[in-house]
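Next come two complexes, and both contain chain A; in the first it sits with chain B, in the second with chain C.
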Partner chain A sequence: MTATSPTRRAPLLTLYAACVFAFVYLPIIVLILYSFNRDGVGGFPPRHFTFDWYRQLFADGPIWDSVLNSLFVAAGSVVLSLTLGLLAALALDRADFPGKALFRRLVLLPLILPGIITGLSLLMFAVFAHVQLSLFTVFLGHGTALISVATTELFAGLQKMDRAQEEASLDLGATPWQTFWRVTLPNLKLSMIAAGLLIFTLSMDEIAVTFFLIGRDNTLPLEIWGRLRRGITPEINAVSTLIFAVSVALIIIWYRVRTRGLGAEAQELIETP
Partner chain B sequence: MFSRAYKTLVSLPPLLWVGLFLLLPYALMFAHSFWAVKDGLLVHQWNLDNYHTLFAKPVYIEVLLRTMRIAASVTFCSLLLGYPLAYYLSFHSGGRKELLYQLVVVPLWVSYLVRGYAWKTILGSEGVLNSFLQYLHLTHEPVSFLLYSPFAVVLMLTHIYTPFVFLPIYAALEHIPRPLVEASQDLGASSTQTFLRVILPLSLPGLIAGATFAFVLSLGDFLAPLLVGGASGTMIANVVQSLFGAAYDWPLGAAISVCILFVVISLLFLTERLEKRWSFK
Partner chain C sequence: MSSVGANSLHPSHTPTTALLEIRGVSKCFGRRDVLKGVSLSIASGEFLTLLGESGSGKTTLLRLIAGFEQPSAGEIWMGGERLDTLPPYKRRVNTVFQHYALFPHLSVRDNVAYGLRVKNTPAAEIGDRVDQSLRMVKMEEFAASRPSKLSGGQQQRVALARALVNRPQLLLLDEPLSALDANLRKQMQGELKSLQRELGITFLFVTHDQEEAMALSDRIALLRDGALEQVATAREIYAHPATAYTAQFIGQTNLLQGEIRGSIATCGVLRWPLDAPDGLAIFSLRPEAIRLCAGGGRQATEVKFRASIRQQLYGGSSELLEVDCGAGQFLRVRIPVHGPLSGEHDFVFSIADAVRVQE
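And then the complex of A and B:
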């Protein structure tokens, strides 16, 4: 595109874009910087470099308990919302039933509604059904709300898919069950991985819905939230830095997977006569 | 091509699940808004008192208006930052496009809480910004209006929603056929004219999508005000949250939620129509 369209130099625009990037990244950089500052959060310039806050973090039992809780909830949510999201995407793609339009909107609602509304609705439901609030209710909440993400991602995958493969499989005598496992699902592999990673990250980070469904055991964001109310320490900077690092690692993994997938597709394209 | 059994098998589980765990809870919220609390107990007595209270007491309307002002400011600021950035990436970034795009997307994956917390440490009276200003001898006392104000809420939410706003605008700009832009330039239009009469109109659907997203999500936010807003930055969702907590008036809280829901859904309906009308075919 750059060769054909007359890309002119725009120094002011470039400067503006640089400023926007600075605005987006500066807070994160400051946060990371101060996780190594011996004298705590604040004070300029940061003076004495230290690993103390990380040492304190690694010895902090409640934080690691909450990390485990979050991992359990996130893993469960990935399984739940991928399963239901896959079925919902298949239903939207290939079945006709009364109320389909309403169903589509309803599934997507948690994605666009403020989290507090979904969280409170689920809280009322839990109280109504006499279910004790616990990590299990958090898992149900995340799993249900994130069906929206799985459905969007997998529906897009299904739309891009070549129907002829499935038709061929069915024509050649495979059962619908075999066709699903051997043709449909492998074709959706990339969308499944993308949706899974996204759901995992969103669940690990979720506060608004969790806030109302949490029982005695905290998830990581709620543990941090609770500590913020008692005042801020660089230990929170340290744990935030680690969360940031894990997020970036997940993105890199995802791009590796995607480019490898694209590479394979390109390879197939070349090999196909 | 797919049998009836197949279609039933894939439709039934998500339909039942969504009916039980989404439709029923939302319906329960709606029902609660017509119930009442007597002597600290919820009574299933159908009435319109909650909505009456809502519109009769000026405090709720006041907070709702302030919330809308904050949400509108966030939307405006995110557009002000996000649109030029998207425009730069799409038309002027040359070979660095892919890398810069990833750089915008990365913060989307970074925890909401982490980013909110970062602002809290920056804006506080003993925070990074204040000590920086004192270090430069620009001020001698901490500037205290930074944290715990509507300003801080707008700043934090703008920081969070700028990448969200960027994405649909960038997608819209990328879809503009380049020959259209070239034709405009070849026919003698200046850069400004080309932008105002070709590029901007064609990117409107993306702009609306981004603006809606930022507005709706800021409208229902209750964490940013708790984190950096203070008393003067209280928003409508904080009122709901306290009604469900210490104040214990679920029906009134539900009524406010239904109002938020109503605003959000009518806004979505409206913008969907606008996007359709202005989309480029």
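And then the complex of A and C:
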């Protein structure tokens, strides 16, 4: 290796990078470690490995109710935001209308806006419209706030798509409607999966918007938040560890689908209708 | 083929059984005129090639016929029915796209079955017709494959089968061979031609390759800047190009700038009698129309001149010479393989081979 090689060793830089990684990941590692510590969150270093906190967690009804609530909200948000996002992406890709540039930026706005603003405005709207706050309002909030994620992802998918395929479909006698279902949508399958996974993860984690829109039933993040105010227990560590594991798994799948870095077999699995 | 054969023998005769009629079609994109009043009629069962440089409007004309674009002016009729007002999926026209546009999420079999499925053809009939089409292009064994697993030539065959399974009255082919390498290209040319003969389907073929056009077509329609330059059989267009552009675009030629005065044509050092009104004139003289003259006199219908060899390019079956007739006049001459030549020689060509062309 020559001195001009871009990958030359730089000990200081390596140390710096290690510090950044430690800053970001050390708390998570500590959190995971203490979920297996018999003596709870007090005491250092953690001694006496145990699964007790997990056992306690699995017997904890309210936690699982909130997990179920979160799953409902997340699944609903995926459907809502993908549907609306697909329409927006199609409009951006194909239609020419006045104010298109503005629309394009406005659609992306929820991605940049602080959750507090989004949450507060949705709350004000709910009050204005006399809608009872419940999981349903949370679902509406997540679903609309995450449209931007769906739109960006699906718009990219549409841009990558070979338009000649749709022309071929029309040419072979398929109506525009048939063409959409048989050619356009299957071509967007990977983008749909990628966007869906990301939206699901984001919705599962969401606190700010949820906080304003929640009714009597808690989602998982709010349940945890509520319990933390009564003092931290390793059961929270346990549930956080599980969330972390699921999130990481989903993000890895999302990333691999997005970069199409899947192995040939998995690729086949996803592409096979 | 019999009716087509008759047409090709009489190129000036308008086909009586016109399948497709393009009447004064223009197309502009914004302020750019891509097509300028093109009128063309294509006979049933004919193999017609739209030939032209890129940007000449040939692909646009194809897209107008397929229905992906709307003409700015003019009409297109097929079999007595107005075509240009119909959406693409209601036209009995199918297209083979330049990059095939196969559906990547469907198998070869499902790709071919697509057109029949969307028209709710009975399943049994779909099976039969798909098998038949795949057999026709020799792709039966790849029926279960994904298009991405196929080579360019194989994808080409699938694209053909996918279009032909619908039994279109007219098949549009948009530079279908341009993505193939030279050998495969020659082979596919032969297969296309025999398929077309077998099926008797009218082919409208787009290419920028004049050799391909001459090899395949019953007639060639040469487009230049969105207007038709000449429409004729390959032989006719080669032997009697109407314009200097046509003469240069199709095959190689020598363009001779000259003038006619007192029934004598003069182009540089070359002179021959020509019964025509006085004025400037351009002649196209094909390199192979000029021969080495072994000696002896010339006939009255021939022009003889002396020129020195400037360059000799050996081409296997023939040799291409560049000769200097003096006074800065250079001509290209194609002769049978002769062996190395140098110095001055006598050449001769027949007056009839100097074809007068328009600017």
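Quick note on the criterion: the second predicted complex is superposed on the first by the 245 of 273 C-alpha atoms of A that agree within 3 Å, B and C clash if a C-alpha of one lies under 4 Å from a C-alpha of the other, contacts with A are read in each partner's own complex, and residues count from 1 in each chain.
FYI, a residue touches a chain if its C-beta (ideal position, glycine included) is under 8 Å from a C-beta of that chain, and two chains touch if they have at least 3 such contacts.
Keep in mind that what you see is a predicted model, and the values were worked out from it rather than measured.
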Fit or clash - chain C, chain B, common chain A: fit
Contacts of A:170 with chain B and chain C, given as first, second, both or neither: both
Partner chain(s) touched by A:101 [first = chain B, second = chain C, both, neither]: neither
Which superposed partner A:183 touches (first chain B, second chain C, both, neither): second
Touched partner set for A:162, first chain B, second chain C, both or neither: second
Partner chain(s) touched by A:59 [first = chain B, second = chain C, both, neither]: neither
Which partner reaches more residues of chain A (counting touched residues only), chain B or chain C: B
Overlay on shared chain A, then closest C-alpha pair between chain B and chain C (Å): 6
Shared contact residues on chain A - chain B and chain C: 167, 170, 176
Contact footprint of chain A on chain C as seen in their complex: 66-68, 87-90, 93-95, 97, 99, 101-105, 114-115, 118-119, 162-163, 166
Chain A-touching residues of chain B, taken from the complex the two chains share: 1-3, 5-8, 10-11, 13-15, 17-18, 21-26, 28-29, 32, 81-82, 84-85, 87-89, 91-95, 102-107, 109-115, 117-122, 124, 126-128, 130-132, 134-135, 159, 162-163, 178, 181-182, 185, 191, 213, 216-217, 219-223, 227, 237, 240-241, 244, 250, 253-254, 257, 260-261, 264, 268
Chain B-facing residues of chain A, complex: 1-2, 4-10, 13-14, 16-17, 20-21, 23-25, 27-28, 30-31, 34, 41-45, 84-85, 87-88, 90-91, 94-97, 103, 106-107, 109-110, 112-118, 120-125, 128, 140, 144, 147, 163, 166-167, 170, 176, 201, 204-205, 207-208, 211-212, 221, 224-225, 228, 232, 236-237, 240, 243-244, 247-248, 250-251, 255
Chain C-facing residues of chain A, complex: 162, 164-165, 167-176, 178, 182-183, 186-187, 189, 271, 273
